[in-house]
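Working notes for the structure below.
As written, the chains take the letters A, B, C, D and E, and residue 1 is the first residue of each chain.
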């Protein structure tokens, strides 16, 4: 079980209100991702749930029981830190055993669980190494192992992949997703990487300055961002936003078109521009077009290869059905 | 980094320090070695003669010799124990969110700046003196017979004084180490359900192991050579209760003016110090990488 | 013909020497070519530094302040320049006992700056209150009786204060003098140590009895200074120590008991005609390694002259005059008037026989010390043993046995005992 | 633990910390207080309020001029430390950035030279000083103190240098810097905090050195350690004077230490902390 | 000018031969990227070129002149380090001026170049800041500025972007490409990120264990990898490799198909499998299919959204024209 409810939870550091009162319910078994720009309060929110910070107001319910004043250890949650926070002087085995040892679990049971976790996480042959002798991905797994053995009602992850290099990140992302599929335990996952958010989440919570901008499934957010902020934040490469005359054409203050919803052509189209840098990945090509009539560089994605070069004049055509319109408040029309 | 050119330069850059120290070590050492085989009393310079191993024999058959080694060890270990335990405790205290942290730190660090003879004089006359010392006043206030520190607990008193001088050093290093402890690790342990004392023993102490090693290494080097505090306070007594190896050599060199004997003692001390050094190197080398 | 000489003078940090430092201006005014640099050090450090210097012919000092212990030893090594003064200096005015102690083969090797013996100082008021009297020439029995009567530990009133701090010039100075008065000796004619003798046993036993029962707490770390302070504070009934102390304890500026002090001769044991033979002087001497020997002699002549005494008297009164060196001072009526202890001091100094300190046969000279180079080390080691006994860390017998074996060992090593 | 500390806990910690700090500082404090008493007061029993007389300071100053030993202390401690830095910086550079298999051993060997008891080599050194005319000269003692502290200086610098990424020195090399430029313009400025604390620690150690400075000086080069030796146990009452002299001997370095506390603390890690 | 030729260059560290003798020519003005797995010797090779390490054998020619024994400063190359290696105690201005100061260039000329570089790199308003006060991307630019002012004959970059976060990385990548377009100076760029390699390089050098596996343009490598190693290394997500019966079908030891060249269908196809994790980015979807007949998980990329869920049975069909075949030695057939 792992239903977590925040009721009017707020947090102030001294005078600064980092998180204004906020309500949120996380259902049992859900994979929830908190995203938002740096400093928006993601970590703080997670730490409030974990009990590592005291709330300044509001209540936190875990499985319906008030846990607002419970100590971190009592909440039955497990956390995986950004730095992994492994105990550097203990072997992997001891690291994983630590929470069980603290709980006074009998030794045979500890060993059983360690074996199980190590097997699940492919760590069996590293059990006697120190964290310092492991690679980033392996450390990550140890941290997860340490969390799993406690059989928590929910896992909390604070940017667990941000220290890994790109290739490993993809691998670990899949591992965590698989883990969730297998365990079906509630997971709350903080990141500021939208790819992670999009690929892992059942539900994404977009935060800005401590406020919740939108809550929804990844595709909801992709297809129907509630406002300009979410539109710009979700999707990679980010959505092209147009204001001024171009937007006025569509009766909006701002319009947005994702790079994958713009066709590029050397001969005809709606907006004219000139190719700046272009990137050819084989599978896709990205063109950064400086539009003569447009304020900023427009990013265009095109499948396969297109024979356009730096400096070529091109025409862009948006996919009319996929244009997002926003009003003066930035809200979706 | 690794071109032949830089390696050559590196050798050149290292040379002055190494040569200087080598000369500084080897010249006096050889002279001392030479003297240690002479019957050489400074007050009888005309009567110098070859002594063979006599000085060594004489030195280690000195009834005070074994006791001085014991005292040396007790002194070093005692001070290390107090400074490491006390330093850890004080470092943790200063690390807490307290008011006036800066001033507290200044106060705690101060003994480190006091010259050893001055420190000894202060403690001997102002603090531990059985009639005029503050401790005696305190004892009298409670209606207890004042303790005659240097007569009753000579070595303990010296350990206290020396520990007082080195406590700031240990505190500072341990404090820096403590502050470098990853807070996420502590939080992880908290999430794992570890109570405060478990966090201390399982996380804080192991984290500080390296710093503690350094404290032990540096202090041992200095503590082996302690003599000023002894000279000022107990003069090695009563009896030989507070005579350490250095002081024993001091006695031979500066009271008896027995250069040969002091040289032999010096060589013995060097050998012992190097045994300690090798032992430390083993321990520290492991911990310092 | 002394153009621009700099004299480096090593001296000890006691009051008289510091006063001399203060008066240097008078000397340099009279001797324009000479500049004086002072090195003032605590006694033990001074001794170590000047010994190292002179033994290695370092030549850093032109004048050294040394004790009666060093003079004969160093003179025999030809390390010191023999001193010959003109008539104006009045060598014959020097007190004979002091002059003897500083001469080897009839030649004077150092000029005394001040000299002292030891005597008994006691509180007349306490003695009266306790109903005891201390005769001019007391015996140890008298002293012990009086000390017992004057002790009131509850009022922090201690019958007797004696040196207990280890060191050849600390507790051993006193104990050697005391042992002399008990008829004991350090060595027999073959340089065999005598701590196994009955006389030494009696000496140490009585010393420990007095100190443990009538003495102040922490006595094993008390030296001259600590006892002086105790006495000045009115905590001691009797104090037996150097005669210079007399001027401090009777100085109303620093002493709470200035007008209640009586004096007596250093005690002797019933039937032993020996008052300890304590004689110490701080002297100025010129090392042969000095390169300014003439100027140095000029300075010494000035500093130890009658004129200097008068100079001090004129500036700070007669009490401040350096005592114990010149007969003329003790004949001076002004001095006698200002210094009530003058007569007793002179008696004490005159009665000291440093050539034969013990009533038994001895191969050495020296009063409260043995004038051999090894004595510093041996004396200190023995002093440690006795101090440990005083601190209660070993019995008197063990201390004596330890002293005996240590001394035997050192004397054998030094080649005295074949 | 970023959770708010309750006010009560904070008060508790504050009281405890201050109590410990005052206890540790007490001997120094009491010495300062005693130095402001008259001799009579000084031995009259425990009293924290002195009569604020400067008499003892006057006596001390009139007995023994303070300024020459003070200047000598400054010159010797600063001079020896600077000299040590000049020798040690290149050595530490070489050890940190071009290490060999024996670098660790060399460092340990350097430290072990400090384990030789000074008294045992007094006579050799004394004779060397005598023969070379270095006796009682500032230059002689400066060199000696430099040698005594050199191992510590090298070691401290080595640990600081090792924390400087080698890439930066390589960048300088790519930029055309000679070795001299590299050390002068890049390494040294970057290691300033470390060098500062090395400097401080070694000034303190040199300032407090009291064996050689007393044995090898008479007047011209004698620092404050010798000054103190002339007050350690004179005749008569001397608690207040001793306190005054002690305060005069330790005050400069104490004040320096207080003001530079931050650098000292930051630097005093001997590579103990990563 | 900046033609760099390596002739039989080799490097041993003690006993270990990190780089076996190797020949390579980099033409003037080229943008060459060294890629390869970690520890394959990319940095070492770069440092050999820079002169920061001695070669163990062979010759290095710069513009035809033997520079094997020249000191780093003499080779006329500039290097941008992974950590940027800025001088933290100097202002940005001083950092940029340093190489010119070392070269003894007159002050006015220095100032002129600093201004020019700062303008080109958008650093003008930061010239008086210290590196510590700059963001990662700005530091990166200062490092480039320091390199530019020397007007080197070639730039060497050692993973200059690996310390930046994902978003910044894209931006800086573009800036460096633009810089190259503008300056036309030879650039040698080390990375282990294939996206960087693909998008930036004129020519990619794929290294493995110090050996050159293939040299060619990004699209050459994408379309015609010389061997299994290159095939697996170039392209993201990586190419699916099949051995056994599946490969034998095509008369090869190993065949490879890129994720974007496999069609996924719920109804029909060539190979059957079950959907494991699936990732929906909005623009694309990735399916990780555990094929019943296949050894490993097959990655499939599909444009837009496909309504497939975890556990669904699916059929995969490779695009026959885009199948790569390799022989027993792993070489392309």
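One rule holds in what follows: a contact is a pair of C-beta atoms (placed from the backbone, for glycine too) under 8 Å apart; a residue touches a chain by one contact, two chains touch by 3 or more.
Just so it is clear, the structure is predicted and the values come from calculations on it, not from any experiment.
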item: Length of the shortest touching-chain route, chain B through to chain C; value: 1
item: Pair of chains ranked first by number of touching C-beta pairs; value: B-D
item: Inter-chain centre distance, chain C versus chain D - centres from mean C-alpha coordinates, in Å; value: 39
item: Rounded Å distance between chain C and chain E, as computed from the means of their C-alpha atoms; value: 90
item: Euclidean distance of C-alpha centroids - chain D vs chain E, Å; value: 52
item: Shared-contact residues (touching 2 or more other chains) in chain B; value: 1-2, 42, 132, 187, 190, 254
item: Multi-chain contact residues (two or more partners), chain D; value: 1-2, 43, 122, 127, 170, 229, 232
item: Shared-contact residues (touching 2 or more other chains) in chain A; value: 52
item: Of chain D, residues touching chain B in the complex; value: 1-2, 5, 10, 13-14, 16-18, 20-22, 24-28, 30-31, 34, 42-43, 45-46, 87-88, 90-91, 93-95, 97-98, 104, 106, 108, 110-125, 127-128, 147, 150-152, 154, 166, 169-170, 179, 204, 207-208, 210-211, 224-225, 228-229, 232, 239, 242-243, 246, 249-250, 253-254, 256-258, 261, 264-266, 268-274
item: Residues of chain E touching chain D in the complex; value: 50, 52, 71-73, 77-79, 81-83, 85-90, 98-99, 102-103, 146, 150
item: Complex contacts: residues of chain B adjacent to chain A; value: 182, 184-185, 187-195, 198, 202-203, 206-207, 209
item: Chain B to chain D touching residues, read off their complex; value: 1-2, 6-7, 9-14, 16-18, 20-21, 24-25, 27-29, 31-32, 35, 42, 90, 93-94, 96-119, 121-123, 125-127, 132, 134, 137-138, 141, 164, 167-169, 172-173, 175-177, 180, 183, 186-187, 190, 210-211, 213-215, 217-218, 221-222, 224-225, 227-228, 232, 245-246, 249-250, 253-254, 259, 262-263, 265-267, 269-270, 273-274, 276-277, 281, 284-285, 288
item: Interface residues, chain C side, partner chain D - complex; value: 8, 10, 13-15, 18, 21-22, 37-43, 45, 48-49, 52, 56, 58, 60-61, 223-225, 228-229, 232-233, 244, 248, 254
